[in-house]
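Listed below are the structures to be examined.
Two complexes, one shared chain (chain A), two partners (chain B, chain C).
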Partner chain A sequence: MKYWLTCQNALMATLAYRGNLVLNLLTTAVNVMVTIFMWLAVYNFSGRSDIAGIQPNQMVIYLIVVNVLALIFSAEPIFKFSGLVRSGNLSVVLMRPINYFIQSFWDYLGRGLPFLVIYGLATGFISPVFRRGLLYALASLLLMGLTYGMFFLMITAISLCSFWLVQVWPLRPVLSALFLLLGGQAFPLQVLPPTFAWLIYNPFSLAGNQLTLLLLGKLSLNQILLAGGWALGWAVVALGILKIVWPRGIRSYEGVGS
Partner chain B sequence: MPSPIISVDHANFSYVTFTKQAGFSGAWHDLFHRQKSTVAAVQDVSLHVNRGEVLGLLGANGAGKTTLIKLMTGILPINTGDVRLFTDQVPFRKRPAFLQRIGVMLSQKSQLAWDLPPLDTLVLLREIYYIPHDAFTTWLAFLTKELAVTPQLHVPVRKLSLGQRIKFELICALIHKPEILFLDEPTIGIDVSSQANIYRFLKQLNRDTQMTIILTSHNTKDIEALAQRVAVINHGHKIFDGTVTGLISRYATVPLLEIVTDTPLDPLPTHVRQVDATHYEIDATALTELPIDPRRILSVNRHNGSLDAILTQLFSEEAPTQ
Partner chain C sequence: MLKIYRVLVTQSLAETMTYRVTTVLTALFGVLFYAIELITGGVYFSFTPTIYGWNFLDYLNLITTANLISYAYQFLFVAGHEDLVDQILDGNLDYSLLRPVNSYWFHACYRVDFPSLVTLLLTGGIEGVILSKLHPTPLNLFLYLVAVLVGIGFVFALNQIMVTLAFWVDGLSALNGLPEDLMDASARPAKIYPRVIQQLFLWVIPSLAITNVPAQFGHNQPTWLLLWTALVTGVLLVISYIEWQRGLLKYVSAN
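What follows is the complex of A and B.
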């Protein structure tokens, strides 16, 4: 219940700034439009009806979905945690009989909830995911859950560098670029030469590219299981980093400010 | 004799900081050769607090009193020495059972969600501390009534005044009825009437529930109003541990009387120094009785008998003594 309340409070805090929410959606919409026009121009001038097996209308849907996913898989926990360490407000969190990571996860879920609902509705009503049999639907849900958990753990593991770095804002453009390039936000990774095929199993691609292809019904059951396996692997790596780094970080934490 | 609820034995804590040289050449030099220095924030401090005691920690800025609170609450780990609460709890381990028993209010750190009303944070705390709903409602109603913030329960935190926010921070620290309450600068930015209200409330709480209170403040009024015992921290060392009156009697060495009269004194009596029109100072060691007609005196204060004056004298000493 306490964690559910954390999620609820995070959602309310997101909705409290309606202007920011609308602006965020508008900015994303503009970015998507630019990318779509760019790709349509590529199709037009190349004279090809498909690129790497993707037709123009599929590309448009891909770009919309992957950008919604970019809103769900935000790197905000890094900057939130950095703020807590830098201001010393982490002290307040440490004084509560709660697991910080579980609370942070529910907070992350609450903040991303409006976009998760959009993705969920699109999956339920537009995507063929739930029309390919029970096993396929369950595997898809498992992949979504695993990827969401993995990405949160990965971002949280990165956030621990805040214990040693006073400013982590330089990471913001780096992470945006990673999601743009490795996550398939600017283009589907399938357009890359076969020698780069392994890139589709990086954490950003699992969160962006693979979940988009899942929604579009472009993943086979085997591909879903393989992606799920990679997501689980990355989650274990992130968990390992957390287990090792957190105790060291908490010892170096100075609780600055009175 | 019952064992103390807080035991600090020969605690030491130091941290590493970096010094920066001035100017561009200094910044360039620091880019490759950062100069580290170790600051000893707490040095060989021992302190024992019994259940139900109200202990005031006094010290100048950077003296180490807040660091001591952070060691006692487990925010920071001690380098050497030992800190235990409730006989066997090591604070830095932060066991949930331990955290359930302490309440912490750090005045410059907020528990409240900025964009939401205080009630939302308090309901979250109710779930975190597993407080039964009925008990929560009753206790919250009592706390908000006592601190006069009931109407503000539903107002977003960002719209509250500083005083109201601090009162809600105090409520957050008390909502689970902790056995030990740590208060760091609890009345900072609060008006006099609200301060008096908080003092009265905390005293009542201490009397009725035997809650142990550890309090740090620059405001000596806080300490005089609440603390049964004070520990003075200077440059990381504990230089005094005793009652407020004990502190005053130990350090008040040069008695000086401040006298305010209704009209100027003419002629000026001997041994009396005029500060302004109706304000005079007398060295009390030089006289056996006041050389001023008592009917003309509006107020008399022993100047160096105030805690403020003593602390000013103590903290201005460069070399601390143990």
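What follows is the complex of A and C.
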């Protein structure tokens, strides 16, 4: 229950600054429109009705959904944790009868909830995911859950560098660039030559490219299971890093400002 | 005025040298995002040799010119604009208002952003190579440079108008990013957009013209749109100046 309150607060914080939320959504919408028009021109002039197995109308949905996913999979926990370490307020959090990581997860969930609802509605109404039998639907839900958890763990693991770095702001453009390029936000990774096929199982691609293809019904059951396996693998790696780095970070933490 | 500007540039350089790592990182990120645009352009043109008559080299010319305008604005004015929002909201304009200088230009030129100079020089170099392959005539090359200067003026005026809104609007930080988003969206061939959008952003808010016009001069396709963009930029500069003066009447000191 105490964590549910965190989730509610985070949601309220997102909705409280409506002006900024609307402008951010507008910016995303403009970026998506630009990419859509460019791709439609590419389809038009290449004379192809299918690029890497994706038709023009599917490309439109792909670009919208992958950008919604980019909003869901934010890197905000890194900057929140860095603020706690730098101000020394982490000491206060550590003294509370809560698990910081669980609280951070619910905060992450609350902040992304409006966008998760959009993705959920799109999955329910547009996607064929729930019309391909119980096993397929369950596997899809499992992949979504695993990927969400994996990405949160990965971002949390990265946030631990705040124990040693004074400024972590450079990570913001780096992670945006990684999501653009490796996550399939700029273009579906499937349009790249086959030599780059291995890229689709990187954590950013699982979160952006694979979950979008899942919604479009482009993944077979085997591909879902393979992507799920990779998500689980990355989650284990992130968890391992957390287990190893957290105690060392806490030892080097000086609690300045507390 | 030049003497004051020289002092402000020297101060900016001193600040840049204090935050050397920040400078290097900012320059690197500029290069990174430019590289992503190049890769994305490469992906588009791997499926078709031309899009609305633009080949890959023309497209490179377009996005590099758009980046050139953007980085030139950032180098010359962005640090001053970022500082100005804080100065207005904190009520700290008194000291500059008391000085015997034009406060509009003093704040606009208050700082130069040296990290952007690295990316500006890099894109300038790449654009030089692209132009050498496109072979514009000397007149078209001259008009290309004029169009780039008009572009910098246009981006400056748009940002100045947004920043000065801080006299009236507080807490809408995302508003300041709008001109950048508009220019990012305009760094594409105008013809990919539906006709209504084309007309709107070629004639009413000519952001598409600002990026497309110099690129057209670059590949020897002169256009009268340059005159229109110059006229609109002039009008926007006047509007921003009037807005500044009206804003000063609204200003409340916190000193």
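Heads up, the rule we're going with is that the second predicted complex is superposed on the first by the 257 of 258 C-alpha atoms of A that agree within 3 Å, B and C clash if a C-alpha of one lies under 4 Å from a C-alpha of the other, contacts with A are read in each partner's own complex, and residues count from 1 in each chain.
What we mean here is this: a contact is a pair of C-beta atoms (placed from the backbone, for glycine too) under 8 Å apart; a residue touches a chain by one contact, two chains touch by 3 or more.
Since we're looking at a predicted model, the values are computed, not measured.
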After lining both complexes up on chain A, report clash or fit for chain B versus chain C. fit
One more residue to check, A:Asn9. First (chain B), second (chain C), both or neither? first
Output check: A:Phe37 vs chain B and chain C. Expected answer is one of first, second, both, neither. What do you get? second
Name the chain, either chain B or chain C, that contacts more residues of chain A. C
In the superposed arrangement, which partner chain does A:Pro194 touch: chain B (first), chain C (second), both, or neither? neither
Considering only C-alpha atoms, give the closest distance between chain B and chain C in the superposition, rounded to the nearest Å. 6
Residues on chain A lying within both footprints (that of chain B and that of chain C): 17
Where on chain A is chain B touching in the complex? 1-2, 5-6, 9, 12-13, 16-17, 87-89, 91-92, 94-98, 251, 253-255, 257-258
If you look only at chain C, which of its residues touch chain A in the complex? 22, 25, 29, 32-33, 36, 39-40, 43-44, 46-48, 50-52, 171-175, 177-178, 181-182, 184-185, 188-189, 191-194
Enumerate the contact residues on chain A facing chain C in the complex. 17, 19-20, 23-24, 27, 30-31, 33-34, 37-42, 45-48, 51, 167, 170, 173-174, 177, 180-181, 186-187, 191-192
Provide the residue numbers of chain B that touch chain A in the complex, in ascending order. 15, 66, 70, 73-77, 94, 96-97, 99-100, 102, 104, 106-111, 113, 115-116, 120-121, 123-125, 127-129, 156, 184-185
